[in-house]
Amino acid sequence: MSRFLAGRFGESALAVLGVVTIVFVVTRLLGDPAILMLPVGATPEQLASFRAELGIDRPLFTQYVDFLWDAARGDFGRSFQHNRAAFEVVLERMPATLQLAGSAIALGLIIGGGAGLIAAMNRGGVIEVFVMLLALLGQATPVFWLGLLLILFFAVDLGWFPTGGGGSFRHLVLPAVTLATFTSASIARLLRSSVIDVLREDYVRTARAKGLMPRTVVVWHIARNALIPVATMVGILAGELLGGSVVTETVFAWPGVGRVIVQAIEVKDFPVVQAGIMLIAITFVSINFVVDLLYGVLDPRIRLR
Amino acid sequence: MGARGFFRALAASKAGMIGAGLVALFVLLCAAAPLLPVPEPTQSNLRARLMPPTLSWDAIGAHPLGTDNIGRDMLSRILYGGQLTLAIGAAAVVLGGFVGVLLGILAGFRGGITDRILMRLVDIQLAFPLMLLALIVAAALGPSVRNLIIVLALTSWTRYARIVRGQTLALREREFVQSARAIAASPWRIMTRHILPNVMTPALVVATLELARVIILEAALSFLGLGVQPPWPSWGRMLAEGRTYMASAWWIAAFPGLAIMLTVLSVNLLGDWLRDYFDPKLR
Amino acid sequence: MSALLDVRGLRVRFDTPGGTVHAVNDVSYTLADGETLGVVGESGSGKSVHVLAMLGLIPRPPGRIEAGEVIFAGRDLLRLSEAELRDVRGGEIGIIFQDPMTALNPVLTVGRQIAEPLMRHRGLSRARAWARAAELLELVGIADPGRRLAQYPHQFSGGMRQRVMIAIAIACDPKLLIADEPTTALDVTVQAQILRLVRDLKARMGMSVIWITHDMGVVAGIADAVQVMYGGRIVERGPVRAIFKDPRNAYTWGLLRALPDHGRRSHRRLHQIEGQPPDLTLPPEGDPFAPRNPFATPRCFTETPPLVPAADAAPGHLVAAWYDLPRLLAEREGAR
Amino acid sequence: MSSRIARRAAVALAAALWLLPAGLAGAQAQGQAQPRALTIAFAANVNTLDPHNTATIGTDMSVISHLYTPLLERGPDLKLRPMLATAWRMVDPTTWRFTLREGVTFANGEKLDAAAVKWNIERVRNPQVNARIRPWFRLVKDVNVVSATELEITTSEPFPALADQLSMFYLLPPQWAAQNNPATAVMPSGPYELKELRPGDRIVLGARAGYWGAQPAFGTVTFRIVPEVASRIAALMAGEVDLITNVPPSEFRRINATGRAQAGSVDSTRTFFIRYNNLKPPFQNNRNLRLALNYAVDKQAIVETIFGGQGRVANCGIMTPAYFGFDPAIQPIPYDPARARQLLREAGITGPITIDFDIPTGVYLLSQEVTQAVVAQLEEVGVRVRMNEMEFGAFMNRYLRTRELSPMGYLSLAWPTLDGEGLLSFYETGNIYAYWEDETYTNLLRQSRRTAEPEARQRLLQQAARRLCDEAPSLFLFTQPATFGTSNRVQWQARGDDWVRAWDFAPR
Amino acid sequence: MTAPAIAQGPAPLLAVENLKRHYVTRGFLGRGSYTVKAVDGISFAIARGETFGLVGESGSGKSTTGRLVLRLEEPSAGRVRFDGADITALPQSALKPVRRRMQIVFQDPYAALNPRMTVGDFVAEPLIVHGLAPARSEREDRVAALFRKVGLDPRFAGRYPHQFSGGQRQRVGIARAIALEPDLIVADEPITALDVSIQAQIVNLFQDLQEEHGLAYLFIAHDLSMVRYLCRRVAVMWRGRIVELGPTDAIFEDARHPYTRSLLSSVPIPDPDQERGRQPLPFDPDALRHAPDQPMVEVGAGHFVLA
């Protein structure tokens, strides 16, 4: 067990290191923060001295070694723009991001899971066509378009929810629904095909041959097994939602990590870009680590082998 | 499953038929845009901007889908925009597919250290928030069709690689591959003649689903300002540019949005049907 | 002996993209109380499909029961509602499937899977059901049932899993046990154990058994009566000895002759049945076996033979053939 | 692995995900519920509350202006007015004297007197502090505390715009600042204090008892960050915010139709133009080409259609009437495609040419519409343009760092002190922004810098502006309208620069 | 050590000496690692033209043995001699000439053919790989001849595997195996997956080919009656070891090892008179332990038992 954990942890750390190294190299190609940060009219000398202050005039390799050394000690540098620890800038946005991504996943599992199950159990019927068409539409709708439509209808016309911003549960509803549209559509489609696979399994026939009630068969013999591939999907979706909800965050003025990184990319605030992507990568590999463990819960074959 | 059987099965499936028919229709329409009596997609007339859709042909210049915010014909832009959108999507899918299939086969067939390295690469790619990756690449290299294709392909190769690797691992143990080894066929021959043809089917299914995903992603990147360069349109860019006018001039965003939705929908239908068609368990 | 099961004119179709598969064609037979019927046939003969169909266990669509009645203990199973049929399945009729590796739910404990039918049909509480499940495990010869109940199927060997399947099937003391090729996936030594177990259980519980298999050897050991199926039809049926010693259908005869002689080593060339099994999407006119039958008469190709009592044969020996096999064989012998 | 632990972990994870929203729901949203509250939507994030580490007027500085006190302030009429300094005068071309208000303190009791001002200026000038606004004080030589209320600043050369520059300089409490990080913490001397800071979401200010000036009309001021323009409009229409800026004129009618808000505009001090790279062909030494493109673009149509008639065509230059040195006599270059074609021929361009055009994205109102319209019009006279949209940082990098600006670049300029010399210096030879070398122009500008007498100075600046028009080193487009939308709850004294301040609003 | 003795028939075509194949398996969550001894020190020899039967139940290591002989898997220890030459240590590249002379026929006719290759191409592939029929027309002729030889219509060469029934597919697999005119064919349960009515066809085909070409077979099976019918000598495998080896009649009539006896007694006999009342001999696998280096004992002429 501990050896497995250690190995798995090593792999994860390697992935994070790889991500951050790429980020480090690429951010250095982005451009010059000094130009963007000093007020217009700054002289070339002032720009140069500012670059020296930031430490971005040194050779790339030196910067990288220092960066690794600092990162190893938990120091991700000072944000050029916010003038405080970059990690702090990113970390304080993390709850909002987790909240949004978590709600989207939860909603996706409930709505998408239900829809997928219903569709699969009504194979070939009108319900299946209808549900799957909805799911396809959910995947085919560009997220910002959907978001703006929801704002116009539910916030402006009906006034049920705020147009954006963070804070209360009401603020969460529209962005979560927007994100969950895609998530539930994906989950619905996967679960449907997964259920259809399971329906062909001999043990489902066994369950029916035992004369069990349909509810028992669906819940314990079909859904339990069909959820196993969904776990992997949720891990990957979680990753996409962590960094990929930038668009939703922008539309709904949601103060998440994605936006702070996007903004840092715009002003070349390297430490924030690095810390942010590192944080997301770490969160992603942690979630997938949990998903791996969850596999053990869902599937005793893995747990006890 | 020869070509005839394929088309017969396609004709028998309503969803597959609708998907394939719509995809074919869109591709044809967009490809035929230069032959159709529409203005140039970049020709603008500021005085005729934001004209609503009309079926009347005696309106100024006749714009059946209206005009956009600087007075360009929406119909023309949808058709030409489709060219770019579909071409970018196809290019990204082919590029991502090529890399993914190649690496997937290599990883699966060679196993060992090759496999571990490639799978770590996949991990890294997956741990990289792709929207941010796209932003960084675009900010570093500047937005262009080429860079867009590279970014989209980057987000897509892992999906091929994972599936193809899995298939290859299974195929490697299949008896016809063993049999090829038993006749002393070279690894190259085994990979190209025995494994590649058998992973092309799942790869093709992934490709259709990826095409749909990539079209949506292009729209999102356009929203973040990383789309294709103006003035040549793509659907994603048109949708992103039109979002401000969604409530005041709905047609600017609605038509490209509809085009994206219908295309993605039909490509997905086609992909789903392909998956069912090739699923040995359903045959 | 009274009839427990009376199958009349059962006809099952599958609608596939490649055409309609005529899987079961006008199958009729009766099963007496306490009788063990061996159903023999090769893949696609309809031997499994017809029993699954009568219990409502074929997927519909694409499957469809076109005609027939299945009278079980006085009721027509095909006319029962799904809810009524559920009461029959697992309660009055227990079923064992072919592949014990896939027939058990991998994510549920064995105990739960045995307890399920008890809770469902007998209304036992969870605790009582588990207690009964432990008894059942012991009954099917699994040691240390208390510990084993909490384990998952993958912790059991193939033979042990099939014992679990049997425990599930007999949990509610069924009147009829259907065994659908239960030993095909097992090694011969395990097969022998399972065969003995079922024989013992049958002796103890007195149920009727339908044993579906393609192995003539298995049938020889377990069945009272044998029913040979080909192309979705019953081609011959009779007491076990009659079938083995005095086959009247050319297919049955060929099947027996295609096996190497047992008990001694011989170098005679194996008798082979030429050709391929029929394509059931295009069922041939007449006797489905006719194209492969060296004894086929012209009539075999045009008209389907009915299943009728064989001439000069044991009571209950039925055959579907237009030809008189013993006479033809004798002629052939004479010609040699 | 123990399944029980894993199962529990899964349950805990699920619970945590759902508890999060519940936890945050405790923090109730402020807004229109409270009386006399003002909510302002910003497009960009507020990055720091340290007045010396930001030069962004539209967001950071606007928030800071509610918290700290400057020496003087520019009112909505764009005129300077006293704040801490009650009076100021130029003693000689290089010496300024300020008289300060008495008894002004910070919330912690620290005095805001001449010594504190000196400390502030020195903090900024100290290279160790690395203050973002250090370039502003380049010319300052010395600061003398004459008395607690009397301050003297000497400069190394004449600095006529010093007072204007100081209107953007907010003062920190010296002792407090030594122990706290002013980036995130506040010790106010202004009319408001910090109530809540939610990074990336909102900043909530409350009126401060003990402010030396008049109590503000609004008890609470909330700044909300809403990056997406369509969402900002939606927020205004939903009645969630009282002010949004940069509203596309096409949406005016929709906003006005709600009855809850109205949209409008004032002329801004920001002029848009296309910067030619005059250091390279084809624009280098090719005045005809530069002029030809100026004639080829129908600026009036752009203003009338894209901006819905708001704003105005640029007067063949980059100054607006708000600037010192503006010359009303200079007229816009008219739209004349025939003349443009003729000039192209005179410029020696007979065949088709393709010119690259760099466009920064995401910063300028309607920039996509404007540039695409311009490009379409240039194509009409036979100039093909290859558009390179890029993110603003990349654009600035090419513009200033790598100096690889394409022949054309879309740009706007404004100078916060509204002094023409500052604005025009962007075309001065040697300025990294210039991409133009013109001796006549540069000499005029330098001469104005040595001239303290306002009228003579104004004359020189007008001559420079005239030269700029004649040589056409850019394609001058229009003065952007400062568009905005306000809720019907408030009245805003709209202004042409970027400042957003609660006291420019009146409740209705 | 009797291994060489067992492996040395009169100039054997194939001699296997003390062959081993061990796998190290790691548990999912790193729960220790354990070694699976799939094949654990077996020896036998096959003469030219002989049919040698290898029987055992699932997991006994009989299929692994077949793959080891062909070097489709690498042995952990021991050696394989083919026609006198030790091929155990040959690099894969040097195996090519050996592979021409040893071929394999698989159990599952559905998995044994490449679904994306026409059966004609599939049969022709060995010819191409070994450059035996460079000209296309020549190759087509040879493929047609092979098709006829295994009882398939050469006109079907352009079809894909899914258009064939199980028995026909097995014929395709056999055609491919004999394309190189090998001396030895490893037949890995070649009839197990076939319907009874087809099994006899394939078995007869095997016999015909042997008569015609003098082939030797390593016939791997769990169907004892067919082994008895086909093979001159038989080896019984159990848990990676050969527990009994000898002439077929000796094994079937005078089995010495308890496992062999139990196995034989378990085979159902398709005759109700004999089958009724027959009791399979019980066999307790846990009671039986063989020491790792336990030798086989000769109990009759060529009849060895692992005591």
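Some observations on this one:
Going by the order they are written in, the chains are A, B, C, D and E; count residues from 1 in each one.
One rule holds for everything that comes next: a residue touches a chain if its C-beta (ideal position, glycine included) is under 8 Å from a C-beta of that chain, and two chains touch if they have at least 3 such contacts.
Since we're looking at a predicted model, the values are computed, not measured.
Under the contact definition stated at the top, the chains bordering both subunit B and subunit D are A. Set against the C-alpha centre of subunit C, every other chain centre is closer than that of D. Each chain gets a centre from the mean of its Cα atoms; for subunit A and subunit D, those two points are 35 Å apart. Averaging Cα coordinates per chain places subunit A and subunit C 53 Å apart. If you average the CA atoms of subunit C and of subunit E, the two centres end up 32 Å from each other. Subunit A and subunit B have Cα centroids separated by 22 Å.
In subunit A, the positions touching at least two other chains are 1, 30-31, 144, 148, 152, 250, 265-266, 296, 300, 303, 305.
Contact with two or more other chains is made by residues 1, 230, 362, 391, 393-394 of subunit D. In subunit B, the residues that touch at least two other chains are 139-140, 243, 246-247. Note for the complex: subunit A touches subunit C at residues 124, 199, 201-203, 205-213, 216, 220-221, 224-225, 228, 298-301, 304-305.
Contact residues of subunit D toward subunit A in the complex are 1, 3, 6-7, 9-10, 13-14, 16-18, 20-22, 24-25, 27-29, 44-45, 47-48, 50, 53, 55, 127, 130, 132-136, 138, 181, 183-184, 198-202, 224-228, 230-231, 234-235, 237-240, 362, 391-394, 396-397, 399-401, 422, 425, 432-433.
Within the complex formed with subunit B, the residues of subunit E that make contact are 67, 70, 72, 95-96, 99-100, 102-104, 106-108, 111-117, 122, 125-126, 129-130, 160, 162, 173, 176, 180.
Within the complex formed with subunit B, the subunit D residues making contact are 229-230, 233, 248, 250-251, 253-254, 298, 301-302, 304-306, 361-362, 368-369, 371-373, 375-376, 379, 386-391, 393-394.
On the side of subunit C, the complex with subunit A involves touching residues 52, 55, 57, 59, 61, 85-91, 95, 97, 99, 102-108, 116-117, 120-121, 152, 154-155, 165, 168.
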